[in-house]
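Scrolling down, you'll hit the structures one after another.
Across the two complexes that follow, chain A remains constant while its partner is chain B and subsequently chain C.
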Partner chain A sequence: MLGLNRKDLTLFLVVLGLVVFAPFLLNPFPDASGLARFNAGYPDLMQRFVIFGIFAIGFNILFGLTGYLSFGHAAFLGIGSYAGVWMMKLLTVNIVPAIIASTVIAGLASLVIGFICLRRSGIYFSILTLAFAQMSFALAYSVLTPITAGESGLQLSLSDPRILDGAAGNSIPAVNFFGITMRDGFDWAMGGWVFTFNFGYYFCATLMLVAFYLSIRIFRSPFGMMLRAVKSNQQRMNYTGLNPKPYTLAAFVISGMYAGLAGGLMVAVDPLAGADRMFWTASGEVVLMTILGGAGTLIGPVLGAGMIKYFENIFSRLNERDLNAMFDFLPDGLQGAAVAVAQMFVGDGWLLTLGLMFMLVVIFLPGGLVEGGQRIARLFRRKRPARRGPDSDRRSPQPSPHPGE
Partner chain B sequence: MSNFTRRRLLKTSAVAGGALALPTIFTSRAHAFTNEPTGDTVMLGFNVPQSGAYADEGADQLRAYELAVEHLNGTGADNGMLETFRYADGSRTVLTGNGILGKRVEYVTGDTQTNTDASRASARSMIEKDGAVMITGGSSSGVAVAVQALCQEAGVMFMAGLTHANDTTGKDRRANGFRHFFNSYMSGAALAPVLANAYGADRKAYYLTADYNWGYTTEQAISEATEGVGWETVNKVLTPLGQGDFSSYLTPVLGSGADTLVLVHYGGDMVNSLTNAVQFGLREAQANGKDFQIVVPLFSRLMARGAGENIKGIFGSTNWHWSLPDEASQVFTRSFGTKYGFPPSQAAHTVYCQTLLYADAVERAGSFNPCAVVEALEGDDSLPGIDSASNRGFVFDGLGNGPTLYRAADHQCFKDVLVVRGKEEPESEFDLLEVVEVTPVAQVWYEPDHPQFAGGQLGECNPGA
Partner chain C sequence: MDAIILQVLNGLDKGSAYALIALGLTLIFGTLGVVNFAHGVLFALGAFCAVTLQAFFSASFSTVDESRTDFLGNPLKVEVPYVEAWFGETVGGVLIDWSVPLAILLAIPVMAVVGIVMERGLIKHFYKRPHADQILVTFGLAIVLQQIIKYFFGANPIPVPAPDAFRGSFDFGVMLGFDPFTIIYPYWRLVYFGFAAVIIGGIFAFLRFTTFGMVVRAGMADRETVGLLGINIDRRFTIMFGLAAVVAGLAGVMYAPIVAPNYDMGMNFLVLSFVVVVVGGMGSLPGAVLAGFLLGIIESFASMGAVIALIPGINQVIIYLVAIIVLLVRPRGLMGRKGVMED
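Moving on, here comes the complex of A and B:
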């Protein structure tokens, strides 16, 4: 179905289920309980999960398949954001032109930057992309202030032309998709839980599913095979008479367009484009997401993006009061000690927690979270044949390992 | 999972479809406005920098917010400025220390990281997750402008904290946003005459400016005001925010023909650039036959403490200082000092006032609805002694700055501005600034369409849902 084999289809349906039921899955704790601090089911964070999921899926097409490590992908995210806001300012607050423009313009930018950077490979390629990204950041931050509004960020204003919208009255119209406001949604109170369904989230989630589907198709296509060939041995590819440059450039542009789409969606749900999202740390973040989740796997980048965004938004907001509530069950002295220790890892210290996790994953699970999942799955699989009798599995043909997992 | 049959797929999708269709029978909770408080508490969001160049200011703001919440809830050691807060007709505030509209005040805090994206993410989580009905804070104008726009879109109130750029109530003003702090224009208007008096009217100035929104408008305001008294501007150089070492920017200053250096820096940046400048020997230098001088347009006690000896004798402007002799300032300083053991900074003062002003407006309006609060804060009084059509708004007194107008036309507070100087012989580690002049409000008055503020429109208040 859909041109996918059974295994990919299962994977796709699992992602579909996760995305559709995210408002439930991310709000496991009742509103009134102390653990409600750990709930992530509010629109802003859910949108971030899927938007950065798109960003990481795109990045993985370049990094996971060709092995080219770009350290400047945030530039395309930023370019997409600025293009999107300008479309909303000039044409209409309907997000469709904004999202198309952000994808196309980020694609063009990645064509130019990719054409130059791909003349080199390895560390030189990484440094070149980093240089371009920092250049874009500096341009956005101060040189091109009339276009980018510098540090305070480009935002909508009452005096924007919005030529397709006509007169707006005395307030800035809300960003919408053919009349459905992105901010709109409804709450569903059930027992102690309140589940929030947000239109902006489901819009981004739909596009993420499309992006995910396309990425599966690319992974399984002859084109994807070529990209893997680039990664495994570029020299051998040259000797067989194939020119790897068009393939790598195509991968670079595709991942740039994914980043542009993510940037466009970011301003579609929150119409402000700031230069900070082009800073090199943002480029590094997507590398972390991909590696943490599992580079070269289909679902890894999405998991990594979710993980990092969760830490960034939930752990960084825990403070002493929350910790005191959490360790309330301990005796006084122990509670104080536990809070003092835990405090190093939350709030400002969330980066420390993330760093430790990242180290553990890279050392013990080089394949990222996906490898962790596979190992657990293997544990269960190994037990089953034992129950059926010795060696029953060995005689039948083994399924070959799934290259995309 | 591998034996996924057509039959199972159909079943699964039927369940999924049913689940998707279900929520359509639920409608939005019938709220008149975003995050209408329904229980016996009301949630406020304090969004301040807890890391980065302005972390000191952020920490002091959080202390003041906590103090304000204690005073509003009536759980503090005293009632702080609730005792001194007066309206235009001299009557006392309607706040009684019983929460806001009888609801106990609760709060969440967030870290803006002095970064527009991070600050908006933090504010959105406060609004969407914690149900905050008012967001306040922002120790950087870029952040304040970004969060103010977000609050306007989401339909909650924004009470700006430490933001000094003209744009917050100029080009980027919003109906749901209010600013108590003074601005760059007022700094320029207050400083220029004092500088001309002290250093003469024929100075040549060199500007080192923080490369962002606040830097630009402050540089413009100070240069226009000083050029008005006869000074000349030699050069303007932008420096990146959070720069640790300013030596490379200071090297060309002495050779440029300038005899005055204006450091348009704030927080940690100002501490570093001033220290570098003093180490360069700029204060002992001579240029154009005059003593070389340094000016810092926006001062705070926290910065003065960071800069130590180097601050002595340097002119700047400030919104408020704890040594002011009026009753309200004394009450606030005592209250803050009792709780924390040291006097409050101007950042702490302005956010404390903002919290009280918001609570008072809600109480007077009888509702948390942003539109009602905006109407209450826009008031219908005027300041005495200023003959202008735009002199309309909410007038209050007893919050440490004398009679103050919240102007309805642009939601900017108008009050006296303090010109201060680093004290030569401080009596304590907190006694670092002396007030040189209290510039009357009439001297810093401007019209809402002044060129430095032009291009902005408040629009309509937005109650959200």
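Moving on, here comes the complex of A and C:
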């Protein structure tokens, strides 16, 4: 069905189920209970899950398949955001043109940047993409302020022309999809739980499913095989008479468009675009999402994006009082010490946790959560010979070591 | 003419910092084949060595000065730094005043230990892993170290003054025979340039004229053969990593009076230093130094009012533009060796 084999179809249906029932699944604790703060079933966070899911899926098409590590993908996210807000300012607050424009313009930007960066590979490529992202960041704060509004961020205003909407009244109309605003939705109280169903979330989720489906098709297509060939051995590919460059560039542009789409959705749910979205930490975050989930696997990036955003939300909201309550069972002296240590990692210290997670994953679990799951699964069925998933890159020849070694 | 000299001079201090960081990056890359994304943070750590030492020397206790009174007639409370109480006012005052240069003495052992621990504890395990993994793990380390600095020193820049003798500026133009007040140059920047030149010269001399340096150079060219000759090349490379960390740290210590150290200063310098390394040619030490100064000076020319008026914003992007052009025209970099990282 849908041109997928049975295994992929199952995977897709599982993801579909997870996404559709997310408002239930992410709200496992009743509202009144003390654990309610670990709930994630509110629209803002769920939207971030799927939007960053799209971003990571796109990044994975480049990094997971071709092995080209881009450190500047946040630039396309930012470009997409700016393009989206401008469409809303110039044309209409309907999000459709905004999202199309973000995807297309980010695609064009990635075509230009990719064309230059892909002249080199390996570390050079990483550094070049990083340089381009930092350059966009610097430009957005300086010369391009008429376009990007600099530090205050680009947002909708009353004086916008909005050609298709006509002159607006005294207020800025809400961002909508053919009349349905992104904030529309309803709450459903059941027992001690309140489940929130939000249009913005389901809109983004639909696009994420489309993006996910496309990524499965790309992974299984001859084009996907070419990209894997780029990763495993470019030289051999050259000898077979194939030019790896166009394939890699295509992958770069596709992943840039995914990033643009994510950026467009970000401004669709919250019409404000800031340059900090393009900062190198944002680029690092999407790399981490992909690695944490499992680069080169289908489901990995989605898992990684969800996990990072969930922990970011939980960790950065915890404060000293929460920690004191959490370590209440310890004797007083120990409690103080535990709280002091834990405080380094929560609130503003979330980045420290992120960095540590980054290191631990790269050191101990280079295959990410998916590999971790496979390892655990293997423990339970020892007798059968270890079977590796078709996505595992271990089957392919590893890249040759640095000539200096 | 005087304007050109002024811009060259202005470019020298930033160029020195770029050159020093890029030199360390190249040393690590050339010896160990590892791209160290945490190198910028080592620069920041050095700067915070200066901050720490100054805070340490300035630590004071309050005491009551009987000889003086405040406006109500009560005895005046004064803050007396411990060092002044212990060593007398003159010696203590000098210590506080000269805390930035003295921080070099603190930074050398600290950075050497940090570097060696980093190499033995973490990077050692990544030699056989793909470059992407090396980049990622050092990137994670950079975030962690940066956040630790932020935890201890806060998010705001901490100004660290240079010694009194080097504060202020002097009229460099008069010395060269130009009109007065055309080329005004701060003393400390000249000190920084001189310092960088000494360090760079020292590293090159060390690699060139000592047996240790000779072995390291041989190891950079062909690690395996050197190992086969019965030389423990790994230990020497570890020491080189420590040395690179010290160079980055010293660059940071002396840079503290120029720009107030901030916890994220390292990352800003790192991105530019990578660009410098790429422009200079991966694995080429002279290339790194040359490109460092070159880009520093180009950046300072691009910051001239006349140039900005011509092409707005050029000062923000000039380095990246130069890097892109160099990579497109001469992918190996200015002085890159053939066969190094040419995949």
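Quick note on the criterion: the second predicted complex is superposed on the first by the 364 of 405 C-alpha atoms of A that agree within 3 Å, B and C clash if a C-alpha of one lies under 4 Å from a C-alpha of the other, contacts with A are read in each partner's own complex, and residues count from 1 in each chain.
Basically, contacts are C-beta pairs under 8 Å (C-beta built on N, C-alpha and C of every residue); 3 or more make two chains touch, one makes a residue touch a chain.
Since the structure is predicted, the reported quantities are computational estimates derived from the model, not experimental observations.
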{"item": "Touching partner for A:30 - first (chain B), second (chain C), both, neither", "value": "neither"}
{"item": "Chain B versus chain C as contact partner of A:128, first or second or both or neither", "value": "second"}
{"item": "Which of chain B and chain C A:155 touches, first, second, both or neither", "value": "first"}
{"item": "Which of chain B and chain C A:274 touches, first, second, both or neither", "value": "first"}
{"item": "First (chain B), second (chain C), both or neither touched by A:142", "value": "both"}
{"item": "Which of chain B and chain C A:362 touches, first, second, both or neither", "value": "second"}
{"item": "First, second, both or neither for A:372, with chain B first and chain C second", "value": "neither"}
{"item": "Chain B and chain C footprints on chain A, overlapping residues", "value": "141-142, 348"}
{"item": "List of chain A residues in touch with chain C within their complex", "value": "63, 67, 69, 71, 116, 119-124, 126-128, 130-132, 134-135, 138-139, 141-144, 234, 280-281, 284, 287-288, 291, 344, 348-349, 351-352, 354-359, 362-363, 366, 398-399, 401-405"}
{"item": "Interface residues, chain C side, partner chain A - complex", "value": "30, 33, 35, 122, 125, 127-133, 135-137, 139-144, 146-148, 150-151, 220, 223, 267, 271, 274-275, 277-278, 282-283, 312-313, 316-317, 320, 323-324, 327-328, 331, 339-341, 343"}
{"item": "List of chain A residues in touch with chain B within their complex", "value": "6-7, 9-10, 13-14, 17, 20-21, 39, 42-45, 48, 141-142, 150-153, 155-159, 169-172, 174, 183, 185-189, 196-197, 270-272, 274, 276-277, 313, 316-317, 319, 347-348"}
{"item": "Residues of chain B defined as touching chain A within the complex", "value": "1-2, 4, 9, 12, 16, 19-20, 23, 26-29, 50-51, 108-111, 115-118, 120-122, 124-125, 128-129, 141-142, 145-146, 149-150, 152-154, 167, 172, 175, 211-213, 216, 238, 241, 455-457, 459-460, 462"}
